[in-house]
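Next come two complexes, and both contain chain A; in the first it sits with chain B, in the second with chain C.
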Partner chain A sequence: MSHKLGLDDHFSLSVEALTRVEGEGALHVTVDGGRVTETRLAIYEPPRFFEAFLRGRRYDEPVDITARICGICPVAYQMSAAHAIEDACGVTVGGPIRELRRLLYCGEWIESHVLHVALLHAPDFLGYDSAVHMAAHHRDLVELALRLKKAGNQIVEVVGGRPIHPINVRLGGFYRAPSRAELRALAEPLRRARDDTLTLLAAVSTFDIPDADMDYEFVSLRHPDEYPMNEGRLVSGAGLDIAPAEFGAHIAEIHVPYSTALHGRMIERGDYLVGPLARYSLNHDRLPAAVRQAAADAGLGPECRNIFASILVRCVEVLYAFEEALRIIAGYEPPDRPYVDVPARPGEGHACTEAPRGTLYHRYRLDADGLLTEIQIVPPTAQNQPSIEADLRRLVQQQVDLAGDGLEHEALRHRCEQLIRSYDPCISCSTHFLDLRLTRR
Partner chain B sequence: MSATLVVGVGTERGDDAAGLLVVRRLRAAGAGAATAELAGDLTALLELWRPDDRVALVDAVRTGAAPGTVHILDVTTRPLPASIATASTHAISLGDAVELARVLDRLPARIVVYGIEGTCWTDGRPPTGAVAAAVDRVVAELRPG
Partner chain C sequence: MSGSGRPTLAVWKFASCDGCQLSLLDCEDELLAVTERVEIAYFLEASSATVDGPYDLSLVEGSITTADDAERIREVRRMSRRLVTIGACATAGGIQALRNFADVAEFRAAVYAHPEYISTLEHSTAIADHVPVDLELRGCPIDRRQLLEVISAFLAGRPPRISAASVCTECKRRGNPCVMVAHGTPCLGPVTHAGCGALCPTFNRGCYGCFGPMETPNTASLSRQWLALGASEADLLRVLRTYNATSEPFRRESELHEPQARA
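Up next, the complex of A and B:
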């Protein structure tokens, strides 16, 4: 049964859980007298639990424990934890270990982005309810995506010890460094995958992507020489330019009563956006020329402000990850030791790294015994929540304004879901049950 | 079932760990089958099994049945019922991953889902007593000999 929503209705739209989103969330939209008065994205977010759980534990434990926060991006949690605790201990990791960390992150970007592009997001553009329905008619696209994901898995397996939930990462580096031969064996499959990514990018560039340019304040890491992953200053298009240690002085976490996630807000200006759009737009000049050309061929300029076009930007970042992985493998010389020592000392450390979904901030305070006394974890989805809500408000208002003789309830639900999925929110532990409730007064 | 591959699906969130616990118990007991733990992206299943495998997939589910109920469903030739397929906790659900494999002609020779009915999904909590007992039953079912 379809519901029609009249212009003058007071109604609320409740999407109790979101499909094809990594996490558990619920959306509540209220429209009163034809005006959208409230959008609330209520999510369950596990970092709050982990912050409490880690207090009193040893300083070398968060690298493994925080990896359990997300089934899709454990490497991001490992990288932010390792860099922040090394910062507290006054240790900087360079050389081949730094390169291996970057290679591992390439593997995760590929796994996460390809999953989202081809199996979670593409069905929205091609008019299917799910990847399963899409696969029946677009088998080549799905097979291609599975090959790309497998290539990402291979990187994570060789560097991280297993393809999912890597176990080879420790403070200061790795338990074991791969041999040159092990990495060289990856080169040929990765070259084929890089070429396959151009095919994926070309296919996605034919999708009918809605126009929706928005005036986001983009925030991401920026590094002097490279597209950002593990290092750099946190910058924005509105002039933010800070070290990760200054994160808390510029970005506040706000508690909202309807969500266990804290919302990130720029203290000076409010909403901002992290993730592929921000990373790409603030670091386009850090991409290799071949990747910039591929982006241009797909119709992307040096900046992209349309959240629906994030599917294209993710493809470009997959292409970059393969190029970067091949560069690292070609120049790899194994380190003398797979890790550097990180002796504990009292103090505080900070790190931002670029998770597939955007900047992931970690802060740790250690006491003289190397025990953790304060922990702060700010994931990208929490930072993007105010932007998602603002976009939803605009989308629903636009749909209500255009409704004419009535807006179909199911169509509105679908558009809202599609918008939320464009952000690739990682809320962890998702359910797949959609309940739409309409209340009229 | 005499499985050649047992995959435990889940996270360390209360009863969601049921599948992981079954796999760890089988591994500790030296069971002959290959084992794997999965969380997050379940399309990885398509890379885990081989065409001639007999696969047991163990996951926590939420269908409204009594806590600790073990739903045993052979999905070799038919999909998971919607009530079970929609209860999983992952970006691509267990049911979707199986159906994706079916559409792509990448199902193994036999595939049976053991869905353990859970009630607690809280980070860091141990599984409830009913689920722990169900884990025992599934381990006994899958242990060879």
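Up next, the complex of A and C:
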């Protein structure tokens, strides 16, 4: 039996353990006299203090150690760490090593996005508690998704050594570069997986996706010629256009009492959104024509402001990642040496890279002995947390206004959870931030 | 057993990165077959549906870092017929156990603007420090083939075949040239628990010990060899104090390479 709520009720909705998200969090919403007075996404994931214990470690260690922040997107941490420390040491990596890094990232985007789309998020749209339950009636869809996920993991395994916490990434490149034959062997399964992604996209485009049109300030990397992964300027729809080194001058992190994750806010304008919606909307023109066409066929325009449709955008990015991986493999010539030297020098370095869930910022300060003295890590979920709460506030208010006496507690809870999952929050990631920095220049 | 007649499986998370429980979802070829043999009764990362305990098999990821979690693991133990810990956090406190060698109040103040909002214990500890554990599966992360072996063995009612030998044995089986002998690369393989398939040496890299110590490691001899190859005392301290820093043999050996021990 569902509990109906009157307009004038004072009620609170609590979801004590969010499911099908990475990590541990809870949601608390309070409505008083028909008005939403509070929405809190409480993250109770225990802190692990990465920024503190990395002090005094050697500058070549964060590539391995920060991967352990998140088992879902370790490559993102490895890429942000490597690029930030290379920036501090004045080294830029190009040629086939740069391409291999991009290939590795493609593998992680595929693995992480497909995990979320099919195994965590799709059950919301099709009315199941999990992909396992969903498989009873949609076995083909679940099996197809598992094949796609495996294809992504195979890329990470061949380039990185293993799918979780790859061991082959180092400053300046890799310990060992794959041979042409090793990469060529991936091409055929990846071509099949690319074609299967069109099937997945078509299936997801038939889901009953709620409407929403949000006024987000999208923030993402933008690169002169590529869909962004490891390089570019950080831009927004409201005119932000900065180098990663300027991140701290524009974005502050705020510590709220109910969460072990800091909240990211733009100093000038407040809430903003990172992740697939932002990346896609700011870089639609950087997608190959075939991927743009597939997006259009799935009903997506060049910009998407509906957070519930993020599941479609993730599928489009999976398609792009397969196309990009195939392009890299076809043109691959192994480097003469699998890495370039990155000699330590005192100074500071910054990098933003595009994790599956959005922009991941790292900053490191090195002393003359190559030991780390300051570390700052700003994960995408911490940046999105204020937007998630603002969206929840709007959603609950809208439901209260629409439903009047007929508001059903269970339906509202389900809709709130669906909204939170649309962000693909990574709670393990977001529980590691730094002290509040309000640098104004 | 639950109403379905299949044994029930529960997956629990404490302080961790989610990577070890993700290893179960990374068994793409086997996942659906596994769910036909066991009922996934509690696995928040994968399912909103939860079945009340007791559970036939509990997989526990993560270390204990809060007073609430120290209580929760006792509850999990009470509800679990078999309890298997998965990964370096659960078996050795994980990378977050580096706080055990430092001042956690200072850590809290370094990371958080309002350290008073954060409740945490001074030490990050393994699950076995709190409750009896039936089996420990090593690795940062665990190896998914070993995880499947544990689940298969559980279903068959036999002990799992998990070697307690060193990574060296895996290098030999793969036919890898020894990176220490052939390239002069310092490697923790001789004292590290097998399970990864000698990944790092296969990629021309020295093992960094993410599976923790093997059964009876000769760490003193390995340290001498590292120093002979040009590694510093600081290098030894760092590599032993990473993902399995509180495992007894690594902790003891690391203390010999602290600056004050050498002075």
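The rule is simple: the second predicted complex is superposed on the first by the 420 of 441 C-alpha atoms of A that agree within 3 Å, B and C clash if a C-alpha of one lies under 4 Å from a C-alpha of the other, contacts with A are read in each partner's own complex, and residues count from 1 in each chain.
We take it that a residue touches a chain if its C-beta (ideal position, glycine included) is under 8 Å from a C-beta of that chain, and two chains touch if they have at least 3 such contacts.
None of these values were measured; they are calculated from a predicted model.
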| item | value |
| --- | --- |
| Clash-or-fit label for the pair chain B, chain C on chain A | clash |
| First, second, both or neither for A:E408, with chain B first and chain C second | neither |
| Contacts of A:E143 with chain B and chain C, given as first, second, both or neither | both |
| Which superposed partner A:E226 touches (first chain B, second chain C, both, neither) | neither |
| Contacts of A:L115 with chain B and chain C, given as first, second, both or neither | both |
| Which superposed partner A:F53 touches (first chain B, second chain C, both, neither) | both |
| Which superposed partner A:A131 touches (first chain B, second chain C, both, neither) | both |
| Contacts of A:R68 with chain B and chain C, given as first, second, both or neither | both |
| Partner, of chain C and chain B, that touches more residues belonging to chain A | C |
| First, second, both or neither for A:I164, with chain B first and chain C second | both |
| Doubly contacted residues of chain A, that is, touched by chain B and again by chain C | 20-22, 24, 46, 49-50, 53, 68, 70-72, 115, 119-120, 130-132, 135, 139, 142-143, 146, 149-150, 153, 163-165, 432-433 |
| Of all residues in chain A, those that touch chain C in their complex | 17-24, 45-53, 55, 57-58, 61, 64-65, 68-72, 74, 115, 119-120, 123, 129-133, 135, 139, 142-143, 146-147, 149-150, 153, 161-165, 167-168, 170, 174-176, 254-257, 260, 262, 417, 428, 432-436 |
| List of chain B residues in touch with chain A within their complex | 11-13, 16, 37-41, 43-44, 46-47, 62, 85-93, 96, 99-100, 103-104, 121, 123-124 |
| Complex contacts: residues of chain C adjacent to chain A | 13-23, 25-26, 28-29, 31-32, 35, 40, 43-49, 65-66, 69, 94-96, 98-99, 102, 104, 106-108, 110-114, 117-118, 120, 140-141, 196, 199-200, 202-205, 208, 210, 238, 242-243 |
| Contact footprint of chain B on chain A as seen in their complex | 20-22, 24, 46, 49-50, 53, 68, 70-72, 111, 115, 119-120, 130-132, 135-136, 139, 142-143, 146, 149-150, 153, 163-165, 429-433 |
